[in-house]
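Listed after this line are the structures, all set down as structure tokens.
Shared between the two complexes below is subunit A, which pairs with subunit B and subunit C, respectively.
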Partner chain A sequence: MEILSLLGDGMLLAVQPQNLLLIVIGVTVGLFIGAMPGLGSVNGVAILLPITFLVPPSGAIIFLAAIYYGAMYGGAISSVTLGIPGASTAVATTFDGRPLARQGRASLALVTAALASFVGGTVANVFFTAFAPLLADVALSFGPPEIFALMLLAFATFVGLGGDDIPKTIFSICFGLVLGAIGFDQISGAPRLVLFDITGFLQGIGFLVLAIGVYGIGEMLWTIEQSRGDVESTNPKMTMRGMAADTAEATRRGWKGTAIGSVLGFFVGILPAAGATPASLMSYGVAKMVSRVPHEFGRGNPDGVAAPEAANNSASTGSMLPMLTLGIPGSPTTAILLGGMVIWGLVPGPLLFVQETEFVWGLIGSFYISNVAAVLINLAFIPVFIWMLRMPFTILAPMIFVLSIAGGFAATRDMFDIWLIVIFGLGAFVLRRFDYPLAPAVLAIVLGPIAEPTLRQSLLLSSGDPSIFFTRPVAAPITIIALILLFLPAVKLLRRGRGKSGAEPS
Partner chain B sequence: MRNGEIITAGVLALFSIYLMWESAELPIGYIPGRGPGGGFWPFWLSAIMLACCGLIAFNWWRRTSPPSRSEEPFLDSYGWRMVALVGGGVVVFVALINIISMYGAIAVFLFYYLRFLGRHSWGLSISLAVATPLVFFFFFEGAMQITMPSGMSFTDPVFDLLYEIIY
Partner chain C sequence: MTVSKRVLLQLGCAAIVALAPLPSVAQEWEPRRPIDFTIMAGPGGGADQIARFIQSVAEEYDMTNRPLVPSNRGGGSGAEALIHVANASDPDHTILVTLNSFFTTPLRQSELGIDIQTFTPVAMMGVDPFVLWVHTESGITTFDQFVEQVQSMGGEFVMGGTGAGQEDSIVIAFMSAAYDLDINYIPYDGGGAVARDLAGQQIMATVNNPAEAKGFYEAGDFVPLLAFSDERLPAYPDVPTIRELGHDFSYYNQRAVVGAPGMSDEAAAYYQDLFGRIYESEEWQAYLESESLAPLWMDADEQRAYWATQVENHRELLEALGE
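Coming up: the complex of A and B.
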């Protein structure tokens, strides 16, 4: 009961006119930042952090958390309407969101994304409120072997996502991981993989550089080539009645994915350094696995939109948990929020709940309000996003190239990275022609810098003995599930191959 | 496509070997007391990439992957023309950034694409090519406080005028 009364006080604080205004502005800004290819919640929060010094700390963090929320909703918009994920957290949303848009059902995809995000956010808020201290304890007990096992599980789900060509999928994963290793060795500090002795590689290759190259340039070239200049999906009229029908259909066909994403997303989100990207990907994988129609995934199944969207919102709330209670950021965005809190003179950690009760519960209350604001603003803007789809493709295509290059520069501030974007784009176009899946590479470059140190620390703990992943009570089941997932398609393929050769006349 | 499949696999295999060689500049084995060396992670990942290239070649030989069965060319004449005009356009766009500024390059690229590739009217092409960089300028420089490349010094008068508006 005490929690409910604290939450009530928190919500009252969040709906004070100034805070409510900050929430509405934050969510709207977040939606647009999230929808812009190249700018995600990290960029939005990082860039707007300085201007929050104009308001008190509670208002400032409410504003930034609202941007975070809005960006999670917004990422889906460009995934669906343009086929380019606005942020890494929305990569999995393109898998089914884009096919739906191509079928002229962009509004269904967007409504599904909005509703799933809302449910994901709400479920996560309830979890956050109820289980905060307990869950923080669980996450804190995770050591490097557990986190690496979780990463392995995330990679194993890629193999299932990449279609049938397993060698190409594994190549793509490893390629992304190696790209993530370029720059400096995180542990010894020695320069590593400075390719062709070009010093630009010393600063490493950011996730956005590969993502914008693959999705902004490569994908567009591929679309233009495939469509023979005669693109693109147009969407039927957007009416209140149509949206009501879409809402009913989204609820009917997307509830399972939403449920999986909401729960799984939160728990992956609270793990330090895991965050919304692996959460959305894993939720997509699990939704596909448990679906009665897994072959429909990747071709426009609403569950395939709902699962990652529910998960990324749920995870974004989840990732706030270790940040607030333990001072460990659960995602890059919360790392920046953490930095902001320190500047505002707050010390994140368990004491915050005791000493800054009003601040903490005001923030938690604002999560609920932001979530409602985000779904309302998002649904209100859907016709605008549909309008974007109606633009002739010969206008949309150059705009996407321009957004990709300008957005890429805004995020990296380096011309070397812009050239890499172009090279990756052209390379991605060629590889795509030969059926190499590229989403695994993009996700691997994000997870690589987390996976490598945890593997090395684990092996250091065990003096080089890999059995450490099979002997710890939490790591062992995760590793075993990952290995089963990894080898299942290979076994299936072998059996299918054997069946085929057995059927052939000898 | 069939030839392209094996050539691509070969190029990627060579690239994997190059990555292994580069990784091996740092220790790739286990260093007692310090854990795996700095080259350990990329070296073994590159080795897996090389093994995957071997498997791709094996599948090519067995003709099990779709591209290895396809007798279509990698790109037909339309495809090559498209890559040259659009891909080339993007390369020129990026090359122009350091000369006529990000905004100048955006204007030129948009005009080229809209008028010559999209065959839109002169009016629409010019208005979009002028309006878009202006909107970008006020968004990035004004709202987001991000300074984009301003090109060579001859663009200064234009930027001075624009900066006067936002500051």
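Coming up: the complex of A and C.
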């Protein structure tokens, strides 16, 4: 078992006092960077990259990977407690985490998020350790047609689920797609939908801008209207016994979502162009689809917290795979890590995995250690976050507003985005009053800019022939499953209609 | 002879007067806030790698009293970055890492109203050559075989690149015209994605900078066929240049730093000195060599003259392309 001995050496390297200290600092810093709206792992890693010249390369990447991990855990915290997604990867966590907090179950949501993150990270580490070189080939076999098929599948999971009003869901998806199309067209380079010739639209509408607007401002307005400014919920003080009970309940009610997120997240994470944000949204959709109680999703189901949280940790490990085995970044954060590797004098590429074994396995070993450190540190901080929630809403609401604005500004340093956040917040409040689901719009603004160029690239590859999606061995089954899911509700409606008309005459 | 206290005092004062102004002359202007370090391309590609490398050298030697804050604005072949920098509210703290889209994007999109001669020259860090690559499993090992293969496929030969009017497409267009090649060109959002899809054999060939293909070349996945440089690249001595094949053509991507329009002379002098020191650093010189960049240092006036000739060259190239 050569792999196990390499992994053993790697773990030993990771638990050396200096590296262990780096892990603990990195995870804690990451936790808070992730919890701050607007600052995500990308910013954290970019800001702290220069610090890493003080330590050897293996220590440096361990530190940055620990920040990456910590940020994945931290993103859930503000999603649950404030309803503002702490990072783009944690948007799906707000869907059910926030309703739980409003029901006084914030501790359950946070414990579920922490445990699901831990399991997701660990499952991904095991996959990574066992199959890294093999999976690198899988990642490369995904060309534009395969990626598009996968995006179609992601949309299908959101449309094809029962519960929500389907025409309203489709409207919401289309709205998100249009927002995602604003800015420069990747294929032709031409500017599109630059409304009123405002140059701010040229750079496109950031996903985080929409998410903060909808979930930060929109949610706050909604809560004010519902509660008339009263203390909205009584989240009980955190005790050891309470935490134990939450752990038991999280395991019982969140294991399914955790399992889905862990596996799906990893595979989406290793694919080029995808990363942790699409992974978490897709896992949420699938968890809702296979659930026996899909109508509970969006109203505070622990599976709805577990799936995206397991997925974003699993995917963040997964996106390290193409980086280490091929020298190709799987996500924006790994792109920066890759830059770091060049600076530390390593040549990213297919040979890194073979030649720099100490570096690579030290990093993989550190994933395991970081993951344990992150779950412990995160659980330890949960009572602090719960305490914050016990503040009256008259204090919380202005805080949410300030954090939303500051977070939106921090991400792009552009005043234009602030105005957009406010407009989206007001718009989301109105749409919500008319029962439009907003999660599909958020999904569409993330996946649209991936789906559109890959669709057009695929059709260029086939000279305009759409059969390319049905003839390639990997793309074909994914496309067919996606189409079945898309048309499932139509078939159901048809059958219900026929059942009625058949019943009446008799 | 007595040396009075007074004389000593006078000498001392003279010395202080002579020495004191020196540091303040050398450091007349300094950044007062973090420097906006805009990158004309998305994260992960060649330009981004270089920008982050430069940032790290500045950080490592503590060369700036305020940090360089990189931000990627790759939209619309760099149009997003050009607009951002041209409209910068604080030109003394806004600099831009450029590639050749600095010349081509304003030409192709005149409605943006960008005049690059209003920008402030800072430093030319080097020029990046282009090489034609195929995958090892294609079995192609020479440029002649490549031409034969493309011609035999009647328009089905697929190449990837970073988009119409971009650096690699100009090179491909020249090559296609010179050898009568019919190529199906697929645009991607960056050189990194192009290299990845060649590795996965989603596309059949690319024209990439050596930095973006080096890892796959060393692993034996990519084969270089032809270089578009003036002379053979030291790292790829067996690869012929298109010049050797009898065509008067070479093409490089500029790796330059420019300042926002309206930057004060003092600030420009500060950045010119800063990037001069980064250019001289051991790290940058080693990077130039390992990534096959050619050094091409210029002062500010030479850069302006270079811009003018490049704009003219690109105008002709794009016209020939029918853009």
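In this section, the second predicted complex is superposed on the first by the 485 of 506 C-alpha atoms of A that agree within 3 Å, B and C clash if a C-alpha of one lies under 4 Å from a C-alpha of the other, contacts with A are read in each partner's own complex, and residues count from 1 in each chain.
Basically, contacts are C-beta pairs under 8 Å (C-beta built on N, C-alpha and C of every residue); 3 or more make two chains touch, one makes a residue touch a chain.
It should be emphasised that the depicted structure is a prediction, and the values quoted were computed from it without experimental measurement.
Student: Please indicate which partner A:Asp165 is in contact with in the superposed arrangement: first for subunit B, second for subunit C, both, or neither.
Tutor: A:Asp165 contacts subunit B only, not subunit C.
Student: So in the superposed three-chain picture, is A:Ala181 touching just subunit B, just subunit C, both, or none of them (first/second/both/neither)?
Tutor: Touch status of A:Ala181: first partner only.
Student: Touch check for A:Ala397: first (subunit B), second (subunit C), both, or neither?
Tutor: Touch partner of A:Ala397: subunit B, not subunit C.
Student: After lining up the shared chain so the two structures overlap, which partner does A:Pro85 touch, if you call subunit B first and subunit C second: first, second, both or neither?
Tutor: Neither partner.
Student: For A:Gly362, is the partner it touches subunit B (first), subunit C (second), both, or none of the two (neither)?
Tutor: After superposition on chain A, A:Gly362 lies in contact with neither partner.
Student: Between subunit B (first) and subunit C (second), which, if any, makes contact with A:Leu460: first, second, both or neither?
Tutor: both
Student: In the superposed arrangement, does A:Pro144 touch subunit B (first), subunit C (second), both or neither?
Tutor: A:Pro144 contacts subunit C only, not subunit B.
Student: Touch check for A:Leu426: first (subunit B), second (subunit C), both, or neither?
Tutor: first
Student: Given the touch rule stated above, what does A:Gly285 touch, subunit B (first), subunit C (second), both, or neither?
Tutor: Neither partner.
Student: Do subunit B and subunit C land on any of the same subunit A residues, and which?
Tutor: 50, 185, 187-188, 190, 413, 457, 460, 463
Student: Considering the complex alone, what residue numbers of subunit B touch subunit A?
Tutor: Contacts found on subunit B: 1, 4-5, 8, 12, 19, 22-23, 25-26, 30, 32, 34-42, 45-46, 48-49, 52-53, 55-56, 59, 65-67, 74-75, 78-79, 82-83, 86-87, 90-91, 93-94, 97-98, 102, 106, 109-110, 113-114, 117-120, 128, 132, 136, 140, 144-146, 148-149.
Student: Can you check the complex and tell me which residues of subunit A touch subunit B?
Tutor: 47, 50, 165-168, 170-171, 174-175, 177-178, 181, 185, 187-188, 190, 192-195, 217, 220-221, 224-225, 228-229, 392, 394-395, 397-399, 401-402, 405-406, 409-410, 413, 415, 418-419, 422, 425-426, 429-431, 433-435, 452, 455-457, 459-460, 463-464
Student: Tell me, which parts of subunit C touch subunit A in their complex?
Tutor: Its residues touching subunit A are 36, 43-44, 48-49, 52-53, 55-56, 59-60, 67, 70-71, 73, 75-77, 79-80, 83-84, 87, 105, 108-109, 158, 163-165, 184-189, 192-193, 195-197, 199-202, 214-216, 218-219, 221.
Student: Can you check the complex and tell me which residues of subunit A touch subunit C?
Tutor: On the subunit A side, the touching residues are 46, 49-50, 53, 139-144, 183-191, 199, 202-204, 272-273, 322, 326-329, 332, 335-336, 338-340, 342-343, 347-352, 412-413, 453, 457, 460-461, 463.
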